[in-house]
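Two complexes come next, and they have one chain in common, subunit A, joined by subunit B in the first and subunit C in the second.
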Partner chain A sequence: MLLPKEKLSEALGALAAEANVIAPVKWEGDVFFMPYKGGDVCLEGNGKLPPKDVLFPKTEKMYSYSIAKGTMTEHNDAAATILFGVRSCDAASIERLDKVFLEQGYKDGFYSAKREGLAVIAMGCDKPMATCFCTSMGIDPMKAEVADVQMCPVEGGFTVEAVTEKGKEIVKKWDSLLDKKSKAKPAKVECSLNINVPEDFEKKLMDMFESPIWDDVTKACLGCACCTYVCPTCYCFDINQDVHGDEGTAFRCWDSCMFSDYTRMAGGHNPRPSKKERLRNRYLHKLAYYKDRHGKYLCVGCGRCIANCPAHLDITAFAEKAMEVE
Partner chain B sequence: MCDHNHNDPNHVCTCSDNPLVPQVCKVIKITAETPDVKTFRIQTLDGKKPFAPMPGQLAMISLLGVGEAMFSITAQGEDWIESSIKRTGMLTDALHEMTEGQTIAVRGPYGNHFPVDDCKGKDILFIGGGIGLAPVRSFIRYAIEHREDYGHLDVLYGSRSSADLVFKDDLFENWPKVEDLDVHLTIDRPEEGWNGSVAFVPAFLEQKAFDPAGKKVVLCGPPIMIKFCLQSLLKMGFSKENVITTLEMRMKCGIGKCGRCNIGSKYVCLDGPVFTMSELDELPDEK
Partner chain C sequence: MINEIKNACLKAFESGEVGYIIGWQATRFADKTTPLFMRSAEDVEKLVWNKYCVNSTAKYALEDKYPEKKIGIILRGCDSRAVARMISDKQLKRENLYLIGVVCDGKEDPICATCSHKTPVIYDVLIGQPTTEEISPERFAEVEKIAAMTPDERYNYWAVQYDKCIRCYACRNVCPACNCVECYADQYRTGWQGKAHNRAENQVYGLTRAYHVGDRCIECGQCERVCPMNLPIMSQTRKMLKDINDLFGPTECGLTIEEAPVLGEYDLNDREEFM
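And then the complex of A and B:
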């Protein structure tokens, strides 16, 4: 099935009439995932930021309480949302976050409410950016994990494939817009950047914990945490309270393992006292610890941390260096 | 919440929709243990036990309007749980200012627990230093409640001074009365009126020369004490598999989500806080 290029706005408009649609839009020269209000979407390049905040907002209220009344009210409002134009890297990141927030014995109620209401329309990626390396991380640019509908750019428009029941519901709404006879097939795409990580790379990395390379690969880091804010799979958060007299609201907000007080304990002891331990933890979490626990890399190769690091640190350059270590 | 096994990777907890939302409770009793440690007895507003922890598990305790932090649960009764908290910062200062009857919020229980089943039929040597007796006490109480399941029990405990010994009622009154249980106490510096041992915990432990045969060890206290006690235990012939301890890490969520408490691929809040010394050897040195 093919959705002709000129019908795309109409197709999105049909969805936006009934649900909250988030789509990549150009804004001040960059691409951002924003509520779709009609008009053109931008399918060139990766979003400046991933669409992670749809499921895991930068800050979110958890509950409010009144000390005097002894009351506790949970805040958890999630609207049905359709996320359009998600590339395979960002779609894979949702699968990685699902493992953290929905599994491991506890279901995070704030995440799960939003996740249940979410439908993902993935868009195949035929023009990887210079910093993209998703194929090295086991991801197919043309076939996204967690997609309810998979679309791919082809001559004259986009192929459309409903993957799940939710996806079928969406495609049904596009019935009159689709060219059902089209036999167009997306091309195979390889990423621009390739690192040939070996099968058991995570084991090698875990054995390298005491290696001298950490001093070298971390020395340029400024500890700004930019890499973690732009990363689709970073999920650390802090919990805090906003108090006004007798009433208060607990909220959580993104945090970063790159900050020095992240692991500092009440008595002052800090198990990760310098940027060396902190960046080592970040690299190992992405490329080793998570894989050890869940079987996949926590890095989806989107390249955002490479493109945005003020000190030009590059996780692929690190991986290549690590591969050379005996 | 619930007392399900959250360490089972297939278990999805259905008891509470949202494990991050605490229940409002009240502090029904506060005991001053030492100049800087108080024990807080906590109950739900309708007079029930907030949840039923296993020995060694943790509770996230929040003082509404101030903040929350993770503490070990040192004891439980029919309708209460207890945590012993040392003054170390803003939140614990505020907790120490509380009076009985005030509200407090709790969520939990979190983490794994002491291997109460593995220890069945064995002798147990409990070693604590300072506030480190708090987590150990939950297991000592459990072993006393299930006295027939365990062999000989030794409690070896030390603190800076006699005033700094926590749980004095247990140490001097309750535990010495328990059949086949010995309490060995020591303090760091000589003191008027103290006729017991004066030695650091590791040295005191070495004097006692325990026989490792059929014995498990539970060891909690300051990191430096743990290090030297472990050396003494290894000299006596104990193996690392039989020495059990608990780890402390900064925690926010308690349920393996916020990312904060990892050591390598393990989360202390989920896979810990209880580890054997041989398990700790497997983890990267970042404690």
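And then the complex of A and C:
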């Protein structure tokens, strides 16, 4: 099935009439995933920030209390949401986050409420950016992991395939817009940036904790949190309170393992005292610890950390250096 | 020019006085370089000098306050002002540094457009012909553009900027004037800087930083270069500098190594009509 290019706005409009649609749009000179309010979407590039805050907001209220009134109110706002135009890298990140928030013996209520109401319309990626390396991380740019509907750009429009029941409901709404006779098939896509990650790479990295390589590969790092905040799979958060007299609200917000207070303990000791230990943790979490636990890399190869790092550090360059270590 | 810089590095290693030298090296991307830390003569071949050498080399010296040997730094004009800033702020010692100054040819970044010091202001050895320097007529153009807005327009302008801000602190970490041993934003349980990611907390951070560095800003523009969300951060410190210029006469920071911050010193001849 094919959705002609000129029908895309109409198709999204039909969904937006009934649900909250988040789509990549141009804003302030960059592409962001934002509520779709009609008009053109932007499918160039993979977006400045990943769509992870749809499921894991930068800041979200957890509960409010009043001691005087003796009340406590839980907050958990989740509306049915359709996420459109997600590339395979970002879609894979949702699968990685699901494992963390839903499948570790405890189901995170805030995440799961949003996740259950989420439908993902994935968009195949036919123009990987220079910093993209998802194919090296075992991801297919044209087939997304958690897609309810898989679309792919082809000549004149987009192929449409309903993958799940949720996806079939969506495609039903597009019935009159689709060209059902089309046999268009997306072309195979390869990233220009490739690293040949060996089998059991995570095992090798796990043994490299004390390697002298870390001094070298972390030296240029500025110790900011840019890489973690543009990363689709970084999921660390902090819980804090806004207190006014005897009333207050607890909230959770994004946190970063690159910050000094992230591992600071009550007595002031910090087991990760410098950027060397912090960046080592980040690289190992992406390429070793998570894989060891869940069988997949926590890096999905979107390349945002490479594109945005102020010091131009490159996780693929690190991986290649680590491969060379005897 | 690259050969002259490499020779200066080799000579520095030969002297035995320099432990390592900070410069730039190529990455897999033709349009990106990354800081290079040369530890011996063998590393010098990795050094590059091209229009993509945009990273500041100076601030890394702060990580090594008690070096065994001198820290070598390859400096463009802005990097030399960063070194002057940190020496003036008593964070670095001049005798711990070996400075290889290079007259900058302008780099591939918008921040370089209003540069007024391509020739390093301090150095031990200088490579290239010193240029005639003049203050760019565009220096305060962005400040004037924002000042011309109505209060509501200006509020909305900054509101959008701080809705974008992800508070990664890259601007702080790259800034040579941000040289506090511990930033107020990292202090534990003081409540100065809330952790929530929202417009209000982001603006608290932006304002605090602007006021803290405004009278010491060397206008290298690194804050804007590193900002992943493209916030016009330098226009804030330049607003402070413009006011200082208007009130106290022509001022540029980071030109000498014995410079008191404008708002941190008192002079009997200062204007005091507000008293």
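What we mean here is this: the second predicted complex is superposed on the first by the 323 of 326 C-alpha atoms of A that agree within 3 Å, B and C clash if a C-alpha of one lies under 4 Å from a C-alpha of the other, contacts with A are read in each partner's own complex, and residues count from 1 in each chain.
We take it that a contact is a pair of C-beta atoms (placed from the backbone, for glycine too) under 8 Å apart; a residue touches a chain by one contact, two chains touch by 3 or more.
Because the structure is predicted, anything quoted here is derived from the model rather than measured.
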Q: Answer with clash or fit: subunit B and subunit C placed together on subunit A by superposition.
A: fit
**Q.** Chain touching more of subunit A, residue-wise (subunit B, subunit C)
**A.** B
Q. Taking C-alpha centres, what angle do subunit B and subunit C open up at subunit A, rounded to the nearest 10 degrees?
A. 90
Q: Tell me which partner A:K219 touches in the superposition: subunit B (first), subunit C (second), both or neither.
A: second
Q.
Just to be sure I read the superposition right, which of the two partners does A:D255 touch: subunit B = first, subunit C = second, or both, or neither?
A. both
Q.
Quick check for you: in the superposed arrangement, does A:P4 touch first (subunit B), second (subunit C), both or neither?
A. neither
Q: For A:D238, decide between first (touching subunit B), second (touching subunit C), both and neither.
A: both
Q.
One more residue to check, A:H285. First (subunit B), second (subunit C), both or neither?
A. first
(Q) Applying the document's definition of touch, where does A:D30 land relative to subunit B and subunit C: first, second, both, or neither? (A) second
Q | Contacts of A:G267 with subunit B and subunit C, given as first, second, both or neither | A | first
(Q) Between subunit B and subunit C, whom does A:G13 touch in the aligned arrangement: first, second, both, or neither? (A) neither
Q. Is A:Y63 touching the first partner subunit B, the second partner subunit C, both, or neither of them?
A. first
Q: Between subunit B and subunit C, report the minimum C-alpha distance in the superposition, expressed in whole angstrom.
A: 7
Q: Please identify the positions on subunit A that touch both subunit B and subunit C, taking each partner from its own complex.
A: 238, 240, 255, 264
Q | Interface residues, subunit C side, partner subunit A - complex | A | 27-29, 32-37, 55, 60, 160, 164, 166-170, 172-174, 186, 188, 194-198, 225-226, 228-230
Q | Complex contacts: residues of subunit A adjacent to subunit C | A | 28-30, 48-49, 58-59, 130-131, 193, 219-220, 222-226, 228-230, 238, 240, 242, 251, 253-256, 259-261, 264, 308, 310-314, 316-317
Q.
Quick check: in the complex, which residue numbers of subunit B touch subunit A?
A. 6-9, 11-13, 17-24, 45, 62, 64-69, 88-89, 91-92, 103, 105, 248-250, 252-253, 255-260, 262-265, 270, 284-287
Q: Provide the residue numbers of subunit A that touch subunit B in the complex, in ascending order.
A: 62-63, 65, 67, 70-72, 74, 76, 100-101, 103-110, 206, 209-210, 235-241, 243, 246, 248, 250, 252, 255, 257, 262-267, 271-272, 277, 281, 284-285, 288-290, 292-293
